[in-house]
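What follows is a pair of complexes built around subunit A, which joins subunit B in one and subunit C in the other.
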Partner chain A sequence: MATLALKQLKKQYPNGYKALHGIDLAFGEGELIVIVGPSGCGKSTLLRTLAGLEDISEGDLEINGKRVNELEPAERDIAMVFQNYALYPHMSVFDNMAYGLKNRRTPKDEIQQRVSEAAELLGLTELLDRRPKQLSGGQRQRVAMGRAIVRKPQVFLFDEPLSNLDAKLRVQMRLEIRRLQKRLKVTSVYVTHDQTEAMTLADRLVVMNGGHVEQFGTPMALYDQPASQFVAGFIGSPAMNFLSATQAQTGLALPCGATIALQGEGLATGAELTLGIRPEHLQVLGAADALPAGAAELEARIELVEPLGADTLAYCRLQGQSEPLVVRLDGEHAVAEEQTLRLAILPARAHLFGADGKRLATREQATAAIE
Partner chain B sequence: MRYNRPGLDIASHALLIVGCALFFLPVWIAFSASTHEMGDLYSNVAPVWIGEAGLDNYRQLLADPVSSLGADVMTLLFNSMLMALGIAIGKIIISVLAAYAIVFFEFRFRKLCFWLIFITLMLPVEVRILPTFKVVADLNMLDSYAGLILPLIASATATFLLRQFYLTIPAELVEAARIDGAGPWRFLKDILLPLSKTNIAALFVIMFIYGWNQYLWPLLITTDADYLTIVVSLKRMLTTGDGLVPWQDVTATTLLAMGPPVLVILFMQRYFIKGLVDSEK
Partner chain C sequence: MAHFNRHPITPWILLAPQLLIVAVFFFWPAYQAIEQAFYVEDAFGLSREFTGLSNFVSVLSEPEYLTTLWTTTYFSFAVAFGAMALALGLAVLADRVLRGAHAYKTLLIWPYAVAPAVAGVLWLFLFDPTLGILPELLSAIGIDWNHKLNGDQAMLLVVLASIWKQMSYNFVFFLAGLQAIPKSLLEAAAMDRAGPWRRFWTITFPLLSPTSFFLLVMNVVYAFFETFGTIDATTQGGPAGSTRTLVYKVYEDGFVGQDLGSSAAQSVLLMVIVGVLTLIQFKYVEKKVQY
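Then we have the complex of A and B:
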């Protein structure tokens, strides 16, 4: 178990490309940290600098309070699981797992014991004599994890370990990684581009964009209080809907003509901003239902329906809006294309973002003021 | 590929048999000639069947020095074997290390180094033979095994082939080994060499035959019969001045000279097929 601290970590490649612009993060003992972001956001680079596979250009990296910038990967007491597993093709499963220990001159019987423990834990005991190419994708994945576990490192690093697996196996291995990490209580850093994987695995989540950390917090904190429009759009599936809005005297004016009793803190009247509402937070109203207090009322025509079983997604066209508005409905909801939905955006469910993409503090208008 | 046409099978086999026979015929004629007495060969038409001498010519060649050469064929075979093995193994060691450096290490002028090695492909031994001879002579390596082997062991071909193979090794494998605490030598020994086993076996065969068939270089730098190689001696056996060419000895020596390369191929074939069927990657 270890703590990990990144202080103003910067990475610049020899060709001048800046991949990381001063990352400040601190991870606690036994935490599972997921770093998530679109491709090219620097998440893999960050992981590789943690591993020591990339040099750090500026700033400090500390494991357990000790600066490790100059240490070789093998000296940092970390283990890494790669996306393509990177198993040694000519070695048996046993030798693959034992190789790191052999290089560290671990006594033979201890190697034997540690490998068989790890194999037991991962259900690989039967496969110890096989070569990697005789294994299925999921089994290879397990061997790659076994290779990390036997070393009993301070930190586990995972570089998109599940992206080569099929969907069903991915869900299964996701649970397995989670369970294993809870059991071994080893501080872990896990990189993925899949936000579902990120949400389900993470104790805390780092969202990266363009070499910066956009937000760092628990998955639910990021879901409830996204710090920027980028995080809001990245966390949650289907993604949050964004509507352009204008600050008005008594609330916000939406392009479709509706108003909502909500204002961006400290904005002048007439200022442009973005209102975000999650597909699951759009409330569907019956024809006779009264509009909840302060809510904006939208009339949206359904263009496309995606039934998922438990839920149904409706892609709607909204006046004055080029992007379709996604609404998550109960699976039992019988909706058809071309039908018009009456929707409400509750002020408490709406997120506001300024022109710079940052989250705005909101001020709910007293309902009485509108009426 | 397999077509379900019996006629095609028969025709292609017939063609293969004719081809094999055509290639085997000279070898057979050489063999039957080597089993006759010299007198037989000059008094009769070319023999097609095994003669009375049997394997006597072979026994004599291997045991006693041949008058025109000053060495027995056993010595020639030994010299050739040492030279071919030295060249093949030397080439492999040098090119494994060179390719390893070029592919996996970052250093200044890495590209330049590769291209410098690469352009030597355009300079075969024959082109640079005089300067090479001068260097070897200055180093006092004339009439020595070192002189036979060393100038020939740098190989751009093998370096290039191994480089191409090394480039296909995923970067993650190198990184995994680094994290597993394998330094450069250990990575080479534990991972790279086992993975390139089949490539090295193929290179070994090619380079062994290249070394075995060297003619001009050994001819130039050896004058002592103790260092004579079998390929060079074949030509020498034909130059008898006014005497008759001892064809039975020449053909027997030819067949003996063919032996080791054939054995190397037969032995290494296992690894080729294993490499094709049971790919490590």
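Then we have the complex of A and C:
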């Protein structure tokens, strides 16, 4: 168990490319931290600098409060699970798991015991004599985890460990990793580009974009209070809808003509901003229902329906808006294409983002002011 | 495919030059050699007599043949081992500095493009007891170099010249083999607390074993057969037969000594040896595909 701290950590590759621009993060003991972001944003680079496989160009990395920038990978007491598993093809499953222990001159009977313990834990006992080539993708994945576990390291690193598995196995392994991590209580950093995986696994979540940290917090904090339009669009599936809006005297004017009793804090009248609303937060109104206080009323024409079973997604066309508006309805909701939905955006559910993409503090207008 | 089926003659026309070359330079001489191995010719080459296996019997019972066989074995393994070890070392270095690898690769491949005889002459000049630079340098440290008199030194000279010639071939294969090893395997080993030396011997080297085995066979075949030019240009098998390999002996007995029957029997024996080597390689490579 260990704490990890990154202080203004920067990485420039030998070819001059700057992959990380000053990362500040601190992870607590036994936490499962997930780093998520689009491909190429520097997730692997960050993980590899933690592992010691890449040099740190500037800034500090501390494990348990001790600066480890100059330590070799072997001296950091970190284990890593690679995306392609990186199993040694010429060794049996047993030897793959025992390799790290042998290199530390662990006594033979202890190696035997630790490997069989890990094999037991991962259901690999029957497979110890096999070569990696004779294993399925899921089994290889387990061996890679076993190799990390037997060493009892201070920190686990995972680089997209599930991306080579099929969807069903991915969900299963995800649960298993979470269960194992909670049981072993080893501080872990897990990289993925899949936001669902990120949300379900993380104690805390780091969203990265272009070599920067966009936001760091618990999954629900990021879902409820995204710090930027980027995070808002990245976290949550289907993604948040964004509508352009203009600050008006009494609230925000939407391009379809509706008004919502909400303003961006400290913005002048006429300022352009973006309003975000999650598909699950759009409220569907019956023809006779009254509009909730302060809400914006939208008329949306359904273009496409995606029934998912528990939910139904409706992709709607909204006047003055090029992107379709996605609405999440519960599964029993009978809707058809070409139908028009009457929707409400409640001020409490809306997120506002300034022209720079940063979250704006909001000010709810007294409902009376509109009426 | 369909095209070829309609004109079944086309593939044969395309293959003809190659087939012709193989027929003229391999099948015909091979047939001649096999035939000749069973005859004894008179001193003027006017008549010959079928003698069955007697050529083989006399070759194999000749003590000199066994000495030559031993010299060849010794020479071949020295060349194969030296050329492979040096090439592997260079390939590991090249693999590290992948960026510069192209220039480096090209430089190291040059010796391969040099004809064996030229390679021999080059080394001959370097080591010539009266003209060469190296004997002078060696005498400064108390070594008296004269490969024209000293059999061990002559052997060392042909081994060095042959290694130099073959190293580039090995290098290309080793470099390709090294580059086929995923970088993440070595990174995983580094995180598993294996130092560079241990990583090499426990990960890289075992993963290169199919390449190494292939090269071992190729190098032995090279040392057996293709070093003729090098030996002929440097030591002519001397002094006192100390650098005489089987191939060189075939040439000496046949073309210098004019004993065609014995020479042919020796060629047939060589053909058998190379056949066995090739067979071993195929068997092993087939088995090794799955580790």
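Definition applied: the second predicted complex is superposed on the first by the 371 of 371 C-alpha atoms of A that agree within 3 Å, B and C clash if a C-alpha of one lies under 4 Å from a C-alpha of the other, contacts with A are read in each partner's own complex, and residues count from 1 in each chain.
The definition used in the following text is that a contact is a pair of C-beta atoms (placed from the backbone, for glycine too) under 8 Å apart; a residue touches a chain by one contact, two chains touch by 3 or more.
If you're wondering where the values come from, they're calculated on a predicted model, not measured in any experiment.
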Query: Clash or fit: what happens to subunit B and subunit C when subunit A is overlaid?
result: clash
- prompt: In the superposed arrangement, does A:Gly100 touch subunit B (first), subunit C (second), both or neither?
  reply: both
Task: Check the residue A:Lys108 against both partner chains and state whether it touches subunit B (first), subunit C (second), both, or neither.
output: neither
Task: Using the superposition on chain A described above, determine whether A:Leu53 touches subunit B (first), subunit C (second), both, or neither.
output: both
Touching partner for A:Asn84 - first (subunit B), second (subunit C), both, neither: both
Message: If we overlay the two complexes on their shared chain A, which of subunit B and subunit C does A:Arg179 touch? Say first, second, both or neither.
response: neither
- request: State whether A:Arg67 touches subunit B only (first), subunit C only (second), both chains, or neither.
  value: neither
- prompt: Which residues form the common part of the subunit A surface touched by subunit B and by subunit C?
  reply: 51, 53, 72-74, 78-80, 82-84, 86, 88-90, 99-100, 103-104, 147
Complex contacts: residues of subunit B adjacent to subunit A: 170, 172-173, 175-182, 186, 190-191, 194-195, 280-281
Message: For a test of understanding, state which residues of subunit C touch subunit A in their complex under the given definition.
response: 182, 184-185, 187-195, 198, 202-203, 206-207, 290-291
Message: With touch defined as at the start, can you tell me which subunit A residues reach subunit B in the complex?
response: 51, 53, 72-74, 78-80, 82-84, 86-90, 99-100, 103-104, 147
- prompt: Touching subunit C in the complex: which residues of subunit A?
  reply: 51-53, 72-74, 78-80, 82-84, 86, 88-90, 99-100, 103-104, 131, 133, 147, 151
